[in-house]
């Protein structure tokens, strides 16, 4: 029983891991995508439709990755090439995702109806993929020249440019990779974690992932810990009877992860915290780069 | 690379007829000059003389409309800094082109073609240490750049250029942010480099003595044209200044004694933290009296900015007291301080001193919105504020077509006039002027200094913070050199000299 | 770029006049409608027929028009709830949460007067309705205050916080109206109790009295930003917080204030939808949908460039489009969510067209000798 709860929690955390990691990759290059929820909705919906129509999980995930990459490219085009306000662009992506998937996916409302993806002792295989991705991302960011380039365009694009780095290319690379992972994260939700389609069914997980990136101080390893914590909290809110049977209605428990998110966000933003742990926010986050 | 065999005295870089036009101005007008290996060749000019444009053209950041650049006799066409770097040109920017959050070594290898896919920090570290030993630099490669002093950051930029194989080094205002001992060290290293056949081109606005001590030749620019080419041996400070400005410069403003009144501001043992939460102001005590200019001299980053912000109510003090007229105002908000007659002229003209997207009227309103006279019952009296803005514009000769244009469309000098006028028109009893003339041309500087002098005659107390020793010495009744958040002493104006204040700014008591 | 003997160049706009902004916005809306016509085509419907049905039902139909106005009032209030924080540079995407909180506040007042007990209870509308409006305002304002406080005090990201509050409030409503919650109606199917006729909102010509609140607020907000000290302080903070702080404008009070005002207005939107629309007068089972509709406030706010008066025609247009969109879904046998699709396409088109707020395209004839 306890193990099952933990496995379920870790499976939930897997989605947070993928989603938050994708956002982190984009943000380290200086591009904020608050439309992560929308990209996940696209990935989840397209992945669901393709998997159900073809009967192939592989094609479903591929479709999700491709659409995620395309939406990432779109966000990149608005934010990098056109140089618009990244928050506005992200909002656009979110509402586009919300609106279009509601329409496109509606005929597919209901369960996926395929054999479940096999698990390993109750754990989704993607849990392990997620951990591997975290480590790879950490290695790439801190030990390779590509990682240095990504971090540099996120910190100060004009410095990177005079050092001979193609800011536009580097940012596009990050944003598209980020979008592909977001789409993938959405598909893990709709094909593995909870394979039932309903409109707007990501239910704010994308926004929690966005908050998680801030918690992680842009460090992939801390991010892994944060997403496990949130996965557990989420699972706890679904099964409150495991801890405090009969106390408060289950709807009140559902609010707990969100309340805690706000609480942690407040703690993170205090001066005490930033002094103690250092602020690691990419300096150029959210700022379009214009060549002189 | 084509720059293998350079002999001392070879012409390594030559510009012929460089011309660049921007809407309304000719920034560079047929500029010619040549640079030889092993030589320090200073380019001298005021703000707006076209130095920045020329520098950007030489480094490939801007393309000229006309003219040719030759490196080693070969005609080149730089489309980006990468091309310039490829031809062995390195640039050390005044507003540092470094990433504060990264380590020194990461900054140096950033974008280096040799760095490979996986970073080999050990090998590169050894190579950079070798360079350091050769030229007498001493720097911790693993330190984060934000922890470094201005001088150290400059060294990192030089190392970055050298590690890339630069043979021609462009230095933008190399000594402007350095304390005297740091300047000395830098000049020593530069001398070693020229021994190695490197050509060095410092671009300099002021600090003429430095030009005279280190360089071999000088080219002077004025309004986009070359006005003089001299051997430094033939130049004097005053003839260089004349070529630069186009007229005899009156360097000294006459200090007027108005008779010191009672103290307006008393500061006791004041301490505060900077943005990185490090103690940057360490228990300073002083007072400013009516009709007095109290000058704080220091190289930037020594706590004077923090002091100004604490006094303006923009930053919290962690210890000590601030009193005006004997009332403890340490915990007053900035609004309460404005209302008590403290006026702050910030060093950041855009984004603190003004709002770029606001009209001039709205910008003037920034210091008036809280007065009942201008907003009765919370409703703005727009006629009154318009009238005031018009008066300010004409009285201070702000060059603006109308009072409805945005602040960001004003030039730096005009914007500073507007900010100054807005603050002074409140007739504050205490004025905190933080770098009031930084980056302004000679005319605007004179204007601002005269206005401060006038305010002093009207018995305001003025706290003047400046990096420009000449300004401090000519205006201040008392001078406090600041170093690492502490006053090195408080000197009466007549005892303050370039030598003793300069030494104290560098931390020598 | 060259096209024949013309050269095309992008130039930065120095100033954007209100007229230019309006033109760009109108073009964006038309462009979005053209894009959505592909959805009609895909569904096998002639877009012209589709739009004709939408517009004639939305704006020229005795049943449709009052519904359009109802929706428009709601969208307009949500727009104001978005605009006020936006003027301070802050994103309120918590209109959904704030309007649920407002609805809970209004129904709490009715509940306190015993309205849940019986439909025939005779309450004095002159007392209860104003109190319900106060309850709605307080509920919304309290919800907004959380985001404003955390922003002002801790500088937390207001987008994340308001989003989290949306979900919290969503589940709080569920708690109140489902599974024996205190506000559950007699039907017991996850609906709120129905307001007794005595305290149902007055309806004038099929239009709830809340239209007066919405239009009044439009004028009031316009005046606030154009003429008052508080409006000036909000704008200064929005354009440049550091400069505002220099001028003595509190970086704590302004975020708190704008979110309280924004929340309050969203709370009134909650009152409007659940307590003033003819035939509703309860927290409906599908209350979540109204939260979705609140996002039109974002789009409407962005298109109107934060101008409360310009928001009125845009809100009316969107009210008609969603209303007509829902109608043609049934009539032309389209899939569910065509109005949501329209919402999404409108938003992304608008984002793309924002480019033209900053740049203009210049055509120049290339002189002969240079060719």
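Observations, loosely collected:
In order of appearance the chains are A, B and C, and numbering begins at 1 in each one.
Rule of thumb we're sticking to: contacts are C-beta pairs under 8 Å (C-beta built on N, C-alpha and C of every residue); 3 or more make two chains touch, one makes a residue touch a chain.
If you're wondering where the values come from, they're calculated on a predicted model, not measured in any experiment.
Of all chains, the one whose CA centroid is most distant from that of subunit C is B.
Inter-chain contacts peak for the pair A-C, counting C-beta pairs in contact.
The geometric centre of subunit B is 48 Å away from that of subunit C, both derived from CA atoms. Annotation: 27 Å between the Cα-based centres of subunit A and subunit C.
Between the Cα centres of subunit A and subunit B there is a gap of 43 Å.
In subunit B, there is no position where the chain touches two or more neighbouring chains simultaneously. Annotation for subunit A: no residues touch two or more other chains. If you check the complex, the residues on subunit B that touch subunit A are 56, 59, 61-62, 81-82, 85, 91, 93, 97-102, 106, 109-113, 115-119, 160, 277. The touching residues of subunit A, counted against subunit C in their complex, run 34, 74, 78, 82-85, 87-89, 91-93, 95-100, 102-104, 106-107, 199-200, 203-204, 207-208, 210-211, 214, 249, 251-252, 254-255, 258-259, 261-262, 265-266, 268-270. Residues of subunit B touching subunit C in their complex: 312-314, 333-338, 344, 346, 348, 351-358, 362, 365-367, 369-370, 375, 378-380, 382, 406, 409.
The touching residues of subunit C, counted against subunit A in their complex, run 39, 91, 93, 146, 150, 153-157, 159-161, 163-168, 171-172, 174-175, 178-179, 181, 292, 295, 298-299, 302, 335-338, 340-345, 347-348, 350-352, 354-355, 358.
In the complex of the two chains, the subunit C residues touching subunit B come out as 14-15, 227-230, 232-233, 235-236, 239-240, 242-250.
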